[in-house]
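I have a structure I would like to understand better, so I am pasting it below and will then ask my questions one at a time.
Labels run A, B, C and D following the written order; every chain starts at residue 1.
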Amino acid sequence: MAALAVKVGDLPFRNPLLLASGIWGESGDSLLGAYTAGAGGVVTKSIGSAPRAGYPNPTVEELGRCGFLNAMGLPNPGIDAYPVEIAHARAHGVPVVGSLFGHDAAEFARLAGRMEATGVVALELNLSCPHAEGLGAEVGQDPDRVREITRAVRAAVRCPVWVKITPNAAAPEELARAAEEGGADAITAINTVRGMAIDPTLRRPVLAHGLGGLSGPAIKPIGLACVWKIWEAVRIPVVGVGGIGSASDVVEYLLAGAAAVQIGTAVAFEGIGLFGRIAGELPALLDSLGFDGPAAAVGAAHAGRQPH
Amino acid sequence: MAALAVKVGDLPFRNPLLLASGIWGESGDSLLGAYTAGAGGVVTKSIGSAPRAGYPNPTVEELGRCGFLNAMGLPNPGIDAYPVEIAHARAHGVPVVGSLFGHDAAEFARLAGRMEATGVVALELNLSCPHAEGLGAEVGQDPDRVREITRAVRAAVRCPVWVKITPNAAAPEELARAAEEGGADAITAINTVRGMAIDPTLRRPVLAHGLGGLSGPAIKPIGLACVWKIWEAVRIPVVGVGGIGSASDVVEYLLAGAAAVQIGTAVAFEGIGLFGRIAGELPALLDSLGFDGPAAAVGAAHAGRQPH
Amino acid sequence: MRRIVAISERVQETPSTATLRFHDAPPARPGQFVMVWIPGEDELPMSLSYVGPSKGITVKRMGAASGRLTELAVGARLGLRGPYGNAFDPSPARILLVGGGSGTAVLAPAAEAARAAGGEVTAALGGTTAAEVLFADRLLAAGARVRIATDDGSRGHAGYVTDLAAELLAAEPFDAVWSCGPEVMMRKVLEAAAPRGVPVFCSVERQMKCALGLCDACALGPFHVCTDGPVFPAAALRPLEEFAGFQRDASGRRIFPRSPGERSRAG
Amino acid sequence: MRRIVAISERVQETPSTATLRFHDAPPARPGQFVMVWIPGEDELPMSLSYVGPSKGITVKRMGAASGRLTELAVGARLGLRGPYGNAFDPSPARILLVGGGSGTAVLAPAAEAARAAGGEVTAALGGTTAAEVLFADRLLAAGARVRIATDDGSRGHAGYVTDLAAELLAAEPFDAVWSCGPEVMMRKVLEAAAPRGVPVFCSVERQMKCALGLCDACALGPFHVCTDGPVFPAAALRPLEEFAGFQRDASGRRIFPRSPGERSRAG
């Protein structure tokens, strides 16, 4: 049976299924819980310089089986209070990727140093949250700022730096290229897609923030297309995320070019047990498709692909 | 009961439900059929200068109830052969909006003149097809080109000019603003969202073209967010499209700012009878929500909205 | 939803026509079609020529895609979606089949279903030459009476299968006619049956892209072949100038045949 | 899916607490909660205090959002999603309820269900003062035995409701204890019941945002209150340093109470 261990660049994970940022990432117990349930690694909530309550509720809207809209507003305990949570997960050997958000290169660099000191195995720069003024996608839609922020973080730390890209751009692959130029070690794609819902009776947006981000099955085709194009645009590994809920979805992302994947919304549909279930199903699926492991499948749907 | 007649700018329709471009728009009989079934008006397939077979099949992939991916590749009979189809629909009094695509301002202007001569009530410029090289979104993602093309068409014809905007942009509302600056009479939003699907067994993209466009329920939140932002960015009317399949969906779009809507993918789920069904349900729904007609609902979810 | 199947069996039915069998679960009725994805090539609508658990399609070599399909070996993989469309209604009646060329592919399972339902089946089959007559043995085995016409007279009646059909209709009472083949052929069948009041059902082919009633590629007058057909009653087809009038090419342009029977699949 | 309901009835239960009733179809069990959207204000988790076709929530004025909720008049509209979470298991047993302040809101329908199932219910209710004791009459009407404790001694026992609970547990056999109120209170109930081997089930409150098990706002040790709770057995809660230890604020920071019982909703 195919073994599941993968590497994102030089960084090993026991399997390619990582917990996506913002899901189960607030407490150390939850990070540990996702790993215990079978995740190959976990990404923290995006952490900023100061505690942030996020937007008022409603912060989430269910859209049937197609997914969710959310506008959490980057709630997080801040870089001073958060290390205790990471420490708890690290104490149990969980490979934790620390997600960060900030306003500019200097803030990102400062946060990166603090986050690296917690013992995370990599950093993920959230340049892609679609609903936070002056943060996330608002900085991440400009290739020059992506390059600049990545460069500043790259200079400030030794651990791998992943840059998380927004799909809300004419060509997300150009943002990925800018991150690569800035020295990123991997690209994570995608964050949520800008969306909204309106309540007809109350005549107002459902989310308190108005606009939010779409996640779940609805965006799987969008994430796949981004990973596909990014794989063709850069030579660093890609971590795929968006709408994954089955072993077959994972394989689609691997074939598009993802070296590993992240899973978020599907946790709400199935519970955290989905990590164990998918990790259990993946070896037989890879076998039946003729792959001796996840790595063999990476990018295999690109005609005349070059190993990369 | 609320009456359903609406105007997009000065252009009247018996109800706000228009057939979206590319659906049932190849033959005059089908345009007529959609109108007979209850549509308030119809938009043609996007027509270019020469006949175009489009991409090979598979051109469509079903994604359960979340929607479809398609990469038709703008098949169309060309502006020489198509007028006979419009003539058939016009002969029965159908208000036809003629959709056009082209490579540059000169081609658009030439096509616009030809299309206007067929007796269409308005033109819709497809600056937003996400999967056609050198066409559609590739020209429509640049505000300068949007402005230039719109201006050229505006100068070439007398009838209203609608510009159809892509959601595959950092800020679709800026594209809409460029169209307004170019003299557009209305904005149509949105076209499909870039996406793809990969077959794990065959290790290749399902669509012959590779990348395609996502439509249907999956993109409703994306379309709503675009209409919302565009309504705030421009003063010309907005025509909303993306994932509409019920009277309640229509009202969401009206509240976001759409003066009328278009329906595409839902025709595959329900058949063309959905136009009659929704037109039948809408008056009672509007009544129950306290609106005396569609116009009263337009933009009503914007706090402190200005009538526009 | 799309499924990937492997070809489990391949039968060369005629020099130009092959049957591909595969195990496929979703139930289907005779008359329905599937969209067959030939990876790297195209996706074509194909009527099911077998509708049991082991389904099948019977393909005539026409252009590149159908040609490639007829060349595939056992084990080759295809993508399938469907079944789509409506079906023939197998009732315990006296049924006349009129099949031209590969059009017989869709009539064979319908005939078997009609026989199973207690019907009497007479088949008039046309082909360019004796070797191209499809499924004559299969229909005989199903208990149908079989009459044959070939363009070159190499087997059965020398000439059009429509001559046979007219003859049979004149000689015997039928409750229904089921036909598939070139449209000029089907139009003649319609006209022959009309004065006798025998209902005719034709399986019609058009360009197909979505097969979902969206793209309009298969528009046929007010109908869409993919969702309203492919089987249409004569009453729906007779008034249509398209029917045996014009087709549309992949761009949607109207294509008028230069001469009747021009299409090489003509029976 | 979110539903919009209009308040059909409003009852001022205590000076700080009001019940809002509404007609809402989805079935719910006692112990479950809904997310209540107060348009323009916030969305709060609220236990259902009535679970029949006409459902209800019973809200204590705490901050801006709960305050606004208690002020809404009949006819005002709310958004609802849910019900979410697990429930008390109404069995024909001898049940001791220990409710502090508005915590009694969720115990009342559970008590009614237990009585309907043939159980015996004893309720120990706490409040800051006589007027703030919730649902004493409702529980009496349901056939429960009711004991009361108030901080100021204005009704019943002067002091903590946990004193009453300890007393009852010492004096009588119970099959289960159901409790809802401040965590320091519930922790004391746990400790009192433990040596006697009586199983305790507590309804726990935490910050909530998604209520779907996604956002982690409601993390409680290895659990999520929204999907694993809100009702937890004592065995799950006792080992947790969080339980009556710390909460998390909206940012996820750990917030340690300055003194036990600090929270004004304390019974």
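Quick note on the criterion: a contact is a pair of C-beta atoms (placed from the backbone, for glycine too) under 8 Å apart; a residue touches a chain by one contact, two chains touch by 3 or more.
The structure displayed is predicted, hence computed values, not measured ones.
Participant: Imagine the assembly minus chain B, everything else where it sits, and name the touching groups.
Facilitator: A, D | C
Participant: Using C-alpha centroids, which chain lies at the maximum separation from chain C?
Facilitator: So the chain farthest away from chain C turns out to be D.
Participant: Take the average of all CA coordinates in chain C, do the same for chain D, and state the distance between these two points in whole angstrom.
Facilitator: Taking the mean C-alpha position of each chain, the two centres sit 68 Å apart.
Participant: Report the inter-chain centroid distance for chain A and chain C in whole angstrom, where each centroid is the mean of the CA atoms.
Facilitator: Comparing mean C-alpha positions, chain C is 51 Å from chain A.
Participant: From the C-alpha centre of chain A to that of chain B, how far is it in Å?
Facilitator: Measuring from centre to centre gives 33 Å for this pair.
Participant: Which chain C residues reach two or more other chains?
Facilitator: Not one residue in chain C touches at least two other chains.
Participant: Touching at least two other chains at once: which residues of chain A meet that condition?
Facilitator: 64, 201, 204
Participant: Mapping chain-to-chain touches, which pattern fits: line, ring, star, complete or other?
Facilitator: line
Participant: Pull out all the chain pairs that touch, please.
Facilitator: Final set of chain pairs in contact is A-B, A-D, B-C.
Participant: Which part of chain D faces chain A closely enough to touch in the complex?
Facilitator: Touching chain A from chain D are residues 1-2, 4, 35, 37, 39-44, 77, 79, 81, 208-217, 219, 221-222, 224, 227, 248-254.
Participant: In the complex, go through chain B and note every residue touching chain A.
Facilitator: 63-67, 69, 137, 141, 168-171, 193-198, 200-201, 203-205, 210-212, 214, 217-219, 221-222, 224-225, 228-229, 248, 251-252, 255-256, 285, 289, 300-301, 303
Participant: Using the touch rule from the top, collect the residues of chain A that touch chain D in their complex.
Facilitator: The touching residues are 22-27, 29-30, 32-33, 45, 51-54, 56-62, 64, 68, 70, 72, 75-78, 81-82, 84, 199, 201-202, 204, 206, 208, 264-265, 267-268, 271-272.
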